[in-house]
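Please see the structure below; I have some questions.
Note that the chains take the letters A, B, C and D in the order they are written out, and that residue 1 is the start of every chain.
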Amino acid sequence: MTAAESADWWATSIVRMAPGEVELRGIPVQELIGSVDFVSAVWLMVRGELPDARRAALLEAALVASVDHGPQAPSIAIARMTATCGVGLNNAMASGVNALGDSHGGAGQQCVEMLTEIVAADGDLAAAVERVVARHRYVPGFGHRFHPVDPRRGPLLALVDRAVADGVVDGRHLRAARAVEAHLDANRRRPVPMNIDGATAVIYAELGFAPELARGLFVLGRSVGILAHAWEEMSQGLRNKGPIPRSILPTYRGKPEATSDQ
Amino acid sequence: MTAAESADWWATSIVRMAPGEVELRGIPVQELIGSVDFVSAVWLMVRGELPDARRAALLEAALVASVDHGPQAPSIAIARMTATCGVGLNNAMASGVNALGDSHGGAGQQCVEMLTEIVAADGDLAAAVERVVARHRYVPGFGHRFHPVDPRRGPLLALVDRAVADGVVDGRHLRAARAVEAHLDANRRRPVPMNIDGATAVIYAELGFAPELARGLFVLGRSVGILAHAWEEMSQGLRNKGPIPRSILPTYRGKPEATSDQ
Amino acid sequence: MTAAESADWWATSIVRMAPGEVELRGIPVQELIGSVDFVSAVWLMVRGELPDARRAALLEAALVASVDHGPQAPSIAIARMTATCGVGLNNAMASGVNALGDSHGGAGQQCVEMLTEIVAADGDLAAAVERVVARHRYVPGFGHRFHPVDPRRGPLLALVDRAVADGVVDGRHLRAARAVEAHLDANRRRPVPMNIDGATAVIYAELGFAPELARGLFVLGRSVGILAHAWEEMSQGLRNKGPIPRSILPTYRGKPEATSDQ
Amino acid sequence: MTAAESADWWATSIVRMAPGEVELRGIPVQELIGSVDFVSAVWLMVRGELPDARRAALLEAALVASVDHGPQAPSIAIARMTATCGVGLNNAMASGVNALGDSHGGAGQQCVEMLTEIVAADGDLAAAVERVVARHRYVPGFGHRFHPVDPRRGPLLALVDRAVADGVVDGRHLRAARAVEAHLDANRRRPVPMNIDGATAVIYAELGFAPELARGLFVLGRSVGILAHAWEEMSQGLRNKGPIPRSILPTYRGKPEATSDQ
């Protein structure tokens, strides 16, 4: 039993270190600084190689579209409240990120999985869509409880359309997503158009990202809004901000009628 | 007492929402998507307005330089271990970010504060440096326990030099940082050159970011490495990864000689 | 639209507040302080009423048994590393708790679900056990990668046996768990006896706690070890503790042979 | 360089492990289960030895008094909101705990430090109190923005009084705290009586806990409320609960008048 065991336990393909040297995915860090844009560095780190400019631009649009959706999102409110509790800005950001779970930050991942399944069906698109959609009460990536049409949908899909036209991506996941949208239009009482999660899922899927990374990349994008809001709140100097003003006291509901044995 | 109270409790200058509309810092989100690069969106969100290209490029270089420093950094190791515990990728990222505290992610913030103080002294530079350095055992942003010279220092300072030459930034914080470096060279047993935190602090300070944002922006940059490592670990399927291989059992130190009254 | 909406949004059956008054589950807090033991307060808060002493004693044993399993558990190592990064003790504890996910802190919850299903089958016990066990590669709550027999199993089951003999609990979940153990003994190459998660799951299930609370109560118990370890580490003054000593550098694995399309 | 290095890197005085064996602070875990109450186990883990019953009872009262103060506390609201985001109960608890920072969970620690300093002055009590109080705008552990008199103050101090009378603790920190209270009564426009943080700080200080542990123990106590609230919220099935009802939209404040250079 030697120290090699510990060295291997932390083995990685991402970074190589030596005194005076840092290589990221095989590229010396000094060759990246000032030469590579941040979004390409993101791609390099999670995928292992640098992207071409057109593919990087699609990722960039998805990240920009994701930065914020206001303090009514639990992640943003949580970051703001935490920032008033006497912790570091990083701790406030961490708690915001921690809330981006299956229901709040996971729709993109679920949508990539759904689109991948539809594309893999590789036969009758309509049949595949019908089968897949039938499994969901809420179809991930479609519909919005606040926006009749999500304002981020249009510009994102326009970018993918252009990329398909130019052969940058092949468009199969975009077609699948549009087929889902059409199916929902035809079968639900009111339209449930693609939302930010659906439109970015199309991009992530077209670019070949694993479904889990749809969540990871959304977290990166939303971290910008989390930072901005935590900092705005911290700058205002309020201490121990609760969810509602102090003059409003939460309702006491009383004991549940029968305390079940749970 | 009306609902307006609750609306005001969550008031913000960052985002305006209405059904079908999202404005970030006064700009409709659809005008940003595909038009604005991610780093400029970061700037917009935390500063309130879009940057010019040259200033954005400096911020971009600082973010790229910060993405990773390997799994021996606690933040990265924590994210990797958490990723094996049956939680979401966002939870693993959150715990990594949570570790970027005063000692691990705060040196940039402290260095911006130090440089700001030196610049503000606005008289004898050498005297200001001597006074400020004397207060620190570890001068934040200088020296590295692993690298004799941090490989990220050179390319970052070269970019700032060029920006100063072109009048993009005024260079006062760069000069202060170089003066600190020279002072340390002359007064310590061995050189303690500027490290990543120092070189990026120069950039953040030259660009006019508040000290706390040096930490916040570092968190954004390092979140990329945290994501890449958490994902690499998660992809390998190990369950409940501890810090050292299972064959190595932590030493039991026995009872402390005297249990003090703490 | 009135402020009542906000008051209702945060409605709760747990606590009633008024200036000078705090009631927990309908009991003024001053009647609890000095009168009720901590474990009964835990029960009151999550169940809504105070337990009798014998049932509280079973919960107490489960909590005591859960406090620590050493720094090779990721949660403990994470808390220790975070404690060296310049954050508060609460932040270090938070990151430890955050790692107690499905694989690290969730086995108890899964085991309660499994035992509940077996008990509900309410017919041929052996058939129910066989059917349920067949669904799992790792049967939650059974077997330990480190202990041939978990030293916490025996004393916990002895307490449940006594409680069954005295009519404190009815023993159906205990019998189900023993039937699983016997089934595994007969069908696996080597014994996979009940572990801490299984033995405490028996207690939680016998006491009528919802499965999710098995995880929640385990988190409470393990928080004690997380606190003790974070504090021991913080007291030693190390800065930025990585997972392995600085002299051991993580292996660089090189580029994966084929970069997949992920 | 051997594996011993890794073993030593994780050395601890808290736990000794071997296959089939777990010792906590030198006591086999099976001797603790069913024999030692949970609060004594807490004491053992953080202090290294078991307490006598009278001292344990004081700690128990402090923990019981700390369990909850309602959903207007950011920690509780955060845990509830996180619980609706599709993460585990442990993740919701972690984010609640993460908010118990210097301003929200740190007053007890600061109060122990203050009382310790006053006691150490060891001469004219009034002079020491005056000197120490003068340094604080908000005296930690005194006054409450909601309760004119904190209902937890009375019963906690009554227990300490009895313990002093019986020689269980010596009462020096209690006297210091009462002297602070008297000083504030005499010098502020309205009374700022001891609050929960002050009264528990008296207990922790009388029992000889390090100041940081006042925060750590408060976190343990409040984790009970965090669990109960996260679970109540999770049981109700709401998805992505924001801080205010969806019908109330956060106010948009518009651009700050002058965007400073920060």
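Simple rule for what comes next: a contact is a pair of C-beta atoms (placed from the backbone, for glycine too) under 8 Å apart; a residue touches a chain by one contact, two chains touch by 3 or more.
The model shown is predicted, which means the values in this text are computed figures rather than measured ones.
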item	value
Remotest chain, chain B as reference, centres from CA atoms	C
Between chain B and its twin chain C, rotation from the CA superposition, multiple of 5 degrees	180
Proportion of interface numbers common to chain A and chain B (over half same, under half different)	same
Gap in Å, rounded to a whole number, between the CA centres of chain C and chain B	35
Chain A and chain B, separation of their C-alpha mean positions in angstrom	22
Distance between the centres, which are taken as Cα means, of chain D and chain B, whole angstrom	30
Junction residues of chain D, two or more chains touched	1, 3, 5-6, 8-10, 12-13, 15, 17, 70-72, 77, 86-88, 90-91, 94-95, 98-102, 105-106, 146, 210, 213, 243-245, 247-250
Chain D residues within the chain C interface of the complex	1, 5-6, 8-10, 12-15, 17, 19-22, 24, 28-30, 32-34, 36-39, 41-42, 45-46, 57, 60-61, 63-65, 67-72, 77, 88-91, 93-95, 97-102, 105-106, 146-149, 151-152, 154-156, 158-159, 210, 212-213, 215-217, 219-221, 223-225, 227-232, 234-235, 244-245, 247-248
Residues of chain C defined as touching chain B within the complex	1-3, 5-6, 70-75, 77-78, 81-82, 84-87, 91, 94-95, 98-106, 145-146, 239-244, 246, 249-250
Sites on chain D touched by chain B in the complex	3-4, 6-13, 15-18, 23, 25-26, 47-49, 86-88, 90-91, 98, 208-210, 213, 243-245, 247-256, 259, 261-262
